[in-house]
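Take a look at the following structure, please.
We call the chains A, B, C, D and E, going by the order they appear; numbering starts again at 1 in every chain.
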Amino acid sequence: MSVFLLIIVLGVLAIAGFVLGRRRALSSVDGNTRRLHSLPGYYAWHGAIMAFLPAMAVLTLWLIAQPLVIERQLADYFPAEQFENDSQRILLMADVRRVAEGLDVAVAAGALTPQEAETITVADGSVRERLGAVGVALGSEVTPEVLDAAQSYRALASTGALGRAIVTLIAALAGLAYALRITHGDFRARNRVEAVILGVLILASTIAILTTVGIVMSMLSETIRFSSMYPFKDFLFGLTWQPSFQGNSELGLLPLLWGTLYISLVAMIVAVPTGLFTAIYLAEYASPRVRSVIKPLIEVIAGIPTVVFGLFALVTVGPFLRDWFAVPTGLGSSGSSVMTAGLVIGVLNIPFISSLADDIINAVPQSLRDGSYGLGATKSETVRQVILPAALPGIVGAILLAASRAIGETMIVTMGAGAAAKLDMNPFEAMTTITVKIVSQLTGDTEFNSPETLVAFALGMTLFVITLGLNIFALWVVRKYREQYE
Amino acid sequence: RDNVQITGSSTVLPYSTIVAEAFGENFDFPTPVVEGGGSGAGRAKMCEGVGTNTVDIANSSSRISQRDLDTCAANGVTEVMEVRFGYDGIVFASDVNGPEFAFTPADLFNALGAQVAKDGAIVANPHSMWSDFNSAMPAQEILVLSPGTKHGTREVFDERVIYEGCKATGAYDLFLAVAEGADDKAKARAAKGECTKLRTDGRNVDIDGDYTETLARLEADKKAIGVFGLSFYQNNTDKLRVGTMNGVVPSTESIAAGDYPVSRPLYFYVKLAHLDVIPGLQEYIEFFVSDDMAGPDGPLAEYGLVSDPELAATQDMVANRTPMGPLN
Amino acid sequence: MYDAPNLETRVTQTNTKITARGVQVFYGEKQALQDVNVDILDNTVTAFIGPSGCGKSTFLRCLNRMNDTIASARVEGEILLDGENIYDKRVDPVQLRAKVGMVFQKPNPFPKSIYDNVAYGPKIHGLTRSKAELDQIVEESLRKAALWKEVKDRLTEAGTGLSGGQQQRLCIARAIATAPEVLLMDEPCSALDPIATAQVEELIDELRASFSVVIVTHSMQQAARVSQKTAFFHLGNLVEYGDTSHIFTNPSDPRTESYITGRIG
Amino acid sequence: MTDATSAQSPAPAPVRTSLLTQNALMKKRNAAEARFKAYGVAAICVSLSVLAIMLWTIFSDGVSAFKQATLSFPVTLDADALDPKGNRDRAEMMRVTTIGYTKLLNAQLLAHLEARGISTEGVTDKDVAAFISRDTPARVRDMVLEQPALLGQTIEVSGFATGRIDGYLKGRVTRDTAERDTNISVAQLDLADRMQAEGILTAKFNWSFLTAPDASDQRPEAAGLGVALIGSAYMMALVVIMVLPLGVAASIYLEEFAPKNRWTDIIEVNISNLAAVPSIVYGILGLAIFINFAKFPQSSPLVGALVLTLMTLPTIIIATRAAIRAVPPSIRDAALGVGASKMQTVFHHVLPLAAPGILTGTILGLASALGETAPLLLIGMVAFVANYPASPLDGGVLDPATALPVQVYSWASRSDPAFIERSAGAIIVLLAFLVTMNIIAIILRRRFERRW
Amino acid sequence: MYDAPNLETRVTQTNTKITARGVQVFYGEKQALQDVNVDILDNTVTAFIGPSGCGKSTFLRCLNRMNDTIASARVEGEILLDGENIYDKRVDPVQLRAKVGMVFQKPNPFPKSIYDNVAYGPKIHGLTRSKAELDQIVEESLRKAALWKEVKDRLTEAGTGLSGGQQQRLCIARAIATAPEVLLMDEPCSALDPIATAQVEELIDELRASFSVVIVTHSMQQAARVSQKTAFFHLGNLVEYGDTSHIFTNPSDPRTESYITGRIG
């Protein structure tokens, strides 16, 4: 039975559990729901969960364990020293699995009869070619050991599949039977179901952790590789960023970091007041109709692709700032600048602050506003002194989100601020950010195994650590100043 | 998987899509999927291994390196075919309403080098006008939009223009004189490194994006000189005025004839292990290098590809599935 | 301790402070108040009594335009404060509310420290020039609201962490700290024990010397004890308004009488 | 006995002032109020005017993408040329490539012009042929292969005109630019005028812009958003299905159930930090996990959706947590007090009250997911894909596809200026897609919004 | 209408329902309750009296573990319901709260319709099998809480749009709709007029027939009227507990006496 089919069967059993659990609970109290500990629906769900979850767990375990067990069994086909070596074993097993799967495909496609697949040997002509004909790519010609191992693998796998189906079904039926046995009026079905839901909730929140682990893992090894090619100290404290094709690049982080912080700062100076004032106006001053029109409109800004904003920065904002501010004040003549990118990113981030903050402000209970108005406070005083402090944690969250987007923005910076890595105080100078360089180093033309490319991972890691620090700081601020209403 | 998957250079991308599209129309195979993303990234993807969840072809605007080949081999990609199918010209162009420019490598080096030779000494680049160092050039402020350091184009730009210009102005010799290094080779390398350092005072702007960005920047700042691919220029002749290099106007003909110096070969790399596995792969590469496509009158040439004079040899190689030998 | 109704009318001055003429209030379609006419005097405590849901709070909220904050509420008619129509376009509700303070039915302390809760009003009205002065106002207000003893050691703790009755007194302290001319109190003693109630009543009496106080209460005794004028509301109507002594001893409307004697609710 | 007795009598009654006059402080406060409100209006004006500018630019650049110059002329399908063997065998007919069809069409157009008496003065035959899109021969060829019976007949062929002629009809190409443009001549434009006058060349609404797949650099006129629309629709549907339950579940756990300790602090900081991870890094992650480890196919909407889900998750979690936190505790008390379990309290009371915030997070998160290109770059979705993915039931989510922002991005970087127009057109479609997607959320959000 | 204290002890059965032993409650560092020992009887109304802030609500919230929801609150000691320790790890607070219902000091209706407010409890406890049954429970509960007449035409309107006293009665209706075994009422009549109060008191008396009721009140008369047992709290201590008649006529602790006679607060 294929895994897919097995899961469908489990689904059917779960439905059975649902119906039977409910029926059993009701009959145990002669239909008098008041005598049930929990609502009948909970008994139903309990039945479904018990039929499905344990069996699913068994299935998952089996799916993980089976390859390991089979691998152990195949040790005889290969020389011990080859098999002991981890990386060689992995390659060998990959080969074996590919050939075995190839044989399966060939049988399914009718290119081989099942008997042929079991008995075929290298002597019967190129296995690679025959499998290639049915669309299975093999890197090289199949060796006799691999072929034998693959055939043995197939045999073991089919036995395994049978065992898997039997064990899983037994688990499902046992779960179902258990659920029905313990189902009676006093059984705390709700607590059980809620415990499962809680488990699901916990699982969901570990996704975030797993994502982080994934990100760190996928960048760490390359970062380490980078540090073996380029002194990490020079990377962290270097003042010049000048990669080149000939090698001997200078890959100093600081100019990029400075650009990142500077541009984000400008962006936040634009986005935070604008976003907050927008939110305040919408939540406190605007009529519901105005609000229900303007809020979605502003949210459209968040959906405009950043390329468009990038072009806007490049074609409109850049020259405008250059001709009206930079040149008259003698601050430079660069069309692309920190200011340009910062302004445009700021605008792009307005909806993130305005919409989220608006919701939070709206959630502050009316009684607090009444309390303040009743004392003769103006709306603005109420907002500043009562509502904003009460809404602080949410607002900080919104600001952090906007800041995060500013730090992570690529397109606008490339077009608006240029690609020049520079350490400069002048906001009308072209600069660039870490994110831009991550993208450009990753997608360029140089070979992958060079420090010029790998530095992208080191940049990613460093950015990760830096933003972590910023976030810890923000959490501390919120803890210190939050005001919990009611 | 029943479609061919191609990834790699954004320079080769348009050629690749033109071929893929025609291939899809004229054959019963599905149209290949072609990705951009850069030559280096493309080769890295190709070298990830063999199997249907890896790509079949990597486009590249520069030649593969031994290091990449080693990675390939380590991942089981032992047989790779290198197909050179033409050349890409690189042109220098300014706003169509601006003055004419006639460049030499020396001019560009004088305009862009971080340090240049002046009166027999190395000085930090003092030039702010093109006419500062060459009175034949327009009295216009220097501003060059050069390709970003991660682009293949930059390498050609460095090698064929800046480095040549560095030699021509005598700056190279001056650099060599003060260069540090264990032996002559190291010294030469150091001097070359000095040559290709470009000024960072804003007169040289690296463009990390594509040619459209360069064009948009040029329209935002009309005094700029942009570096473009020949095909891009040919599609935008109404906005750009191309400069000559050593007196030669860039065109497919002048590049094919070897008169215009700034060009580079374009390649794609085929994973031979996939040839009989992925339906249509063999047909696709044969179609690509056929005269109907890559020939001098084919659509690729029409789009701006400089056809490879040795195309016939390439066609043979593709038909024979000759893997590439070790790099020399 | 349960005094008999205080019949002595200690009204020292009988200037009309607030005049309501033909006040009608609608919540959406529903009419909550019908044609209320009343004169609230200066230096007087006026009690609003009536069964739950009859419109006492609604009318109270009209007097300082707190109904403006309820989207569905609509007020018609005229309310004059010192002869000026408070629903006039030119009137700034903020200034109005500074003059007409309010203690709400449900205690609603700000999620700030106890000190900041009380200091909030004086600060925004610029009543003090120094921190010391502010401290003094805060202490005095808390004392008057009979809360000082309980909170003097925890002024920096959150006002929301107080008990129900403490919160109510905090809100009273907060309201008197701004020294309004009229103080509207919606059941200020509902969560208070008898002693605290007595203290607040004493406070109200004291405030009367300079201000006008309107108090909503369900306790007939309290109305009798503290007020000089009483208004009886019933089903959105102001049924009867007059001297407290008169209303409690000799109501002219049969509904008033039945309410006072406990027959309608 | 009481506090009150110990206090002095209240401050002397202040001078009674009229409500209609304002003292200095009040004036100052009202000025501050007016200023504050003005800031709000100004902030909104800034946002709205930026939006207006952006929309105006997008629309003025892009609406023309929905129109397309079309050439219609009769074509006699020469059986000898198109089926040299004459046996109507498909395999044999396939040998005539589009190049053969191109020649046929070119000749027939010239013949038609002559027949209609339209002078081709100053224009070479090749220049006339340049009017016909390279897409037309391919279509005619497909038609013939499907219905060999057409051979020998004369049919009316209606196909795209090439990009520059199209541009001329829309005003993008003018005689001015044509003078400098090596790809088109003024004489060709004159011919276009004549053909338009005769009704051979017309501008029509361009449905194929929405339905056709992408086309190569040589035929901007044929490029459409079909594959990208399907790809985006698949991805967004999957993202919504995955990210909403995940995000809300994680937020509920963290906000309502998790013990408040160092460990949950770490998770909290970590989630905010994930929001700051550049989107391309999610691409790296997706490549490593979903393609290299889990062996999902390249360029597939499923992988795209998984990556975008991970990328959007922090936004949703941050918004949801903030919204949950804003629900007053008294509501929870009320529910717990009547014997609701914590789970019931959360699902029956807290979540409905937090719904507006959750929906806002969803709107913002999906908006950025819909417009994201960088992470798709690394998982192979920034590509040229000319075949439609299958329906979801046939595993279409595993077929190669692109997405709307990818099309915007890749068209914007092509050399033919006609693609720039298409790119702007694609942005319009993307925004329309976004608005459609948001409308549901916005309506729901309005339904849940209330104050208490 | 103001009855004299009802001294007749109508206790029909004297099983102990709730036993508290050595209960101490801390809010963070601060101790709010010290060593409270009390036995609450079945079929009895127990009144908690004491000055504002003395810990009545705090103790009440211990009895159905509502203190669990306050992060800073910590409860020590033992509380037994029908002989089972409710702070036992194995006890499900949800089940406990279904048995021990609560009316909070500040009315907190759900932001839902009036009907849904009342129907919520019966729904989650599966008390009804049909819509008609549910309708009946809702109507009955609203009737008992003396709110039916006022809201019968507006059952679908929001519970938050009611007047203060109406909200309070709504919360009472909500609590009794789930038919708890013990009902904890924190000042249920504070915002009610005398008639509504009388009705609620009648309800309490009725409930006593089958349940145990604990009521916090500041009105000595009310305590005397409705309760059979009275507990007097002062500064976090349970000072005295005994028969209501006894406490009001012959308190053994001097503090109780001073409170009842209005001398300490």
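Observations on the structure shown:
Assume a contact is a pair of C-beta atoms (placed from the backbone, for glycine too) under 8 Å apart; a residue touches a chain by one contact, two chains touch by 3 or more.
Predicted model, so just to flag it, every value in this text is computed and none were measured.
Both chain A and chain D are touched by B, C, E. Here A is the chain whose Cα centre lies closest to the centre of all protein Cα atoms. For the criterion of most C-beta pairs in contact, the winning chain pair is A-D. Mean C-alpha position of chain B lies 83 Å from that of chain C.
With centres set at the average Cα position, the gap from chain A to chain C is 56 Å.
Taking each chain's centre as the average of its CA atoms, chain C and chain E sit 28 Å apart. The distance from the centre of chain C to the centre of chain D, each centre being the mean of the chain's C-alpha atoms, comes to 58 Å. Residue positions 94-95, 106, 124-125, 263, 265 of chain E are each in touch with at least two other chains.
Touching of two or more other chains is recorded for residues 190-191, 311, 365-366, 378, 381, 439, 442-443, 484-486 of chain A. Across the assembly, chain D contributes residues 2, 29-30, 33, 329-330, 341-342, 353, 377-378, 412, 452 that each touch 2 or more other chains. Under the touch rule stated earlier, the contacting chain pairs are A-B, A-C, A-D, A-E, B-D, C-D, C-E, D-E. Interface of chain D with chain C (complex): residues 2-14, 16, 18-20, 22, 25-26, 29-30, 33. The residues of chain C lying in touch with chain E in their complex are 1, 27, 49-53, 57-58, 72, 105-107, 146, 150, 161-166, 169, 186-187, 190-199, 218, 220, 259, 261-265.
Interface residues of chain E, counted against chain D in their complex, comprise 64, 66, 69, 71, 93-95, 97-99, 101-104, 106, 108-111, 120-121, 124-125, 160, 171, 174-175, 177-178, 180, 263, 265. Listed in rising order, the residues of chain B touching chain D in the complex are 1, 3, 5, 7, 10, 13-14, 16-18, 20-22, 24-28, 30-31, 33-37, 41, 48, 52-53, 55, 96, 209-213, 229, 231-232, 234-238, 292, 299, 302-303. Taken in their complex, chain D has these residues touching chain E: 1-2, 260, 329-342, 344, 348-349, 353, 450, 452.
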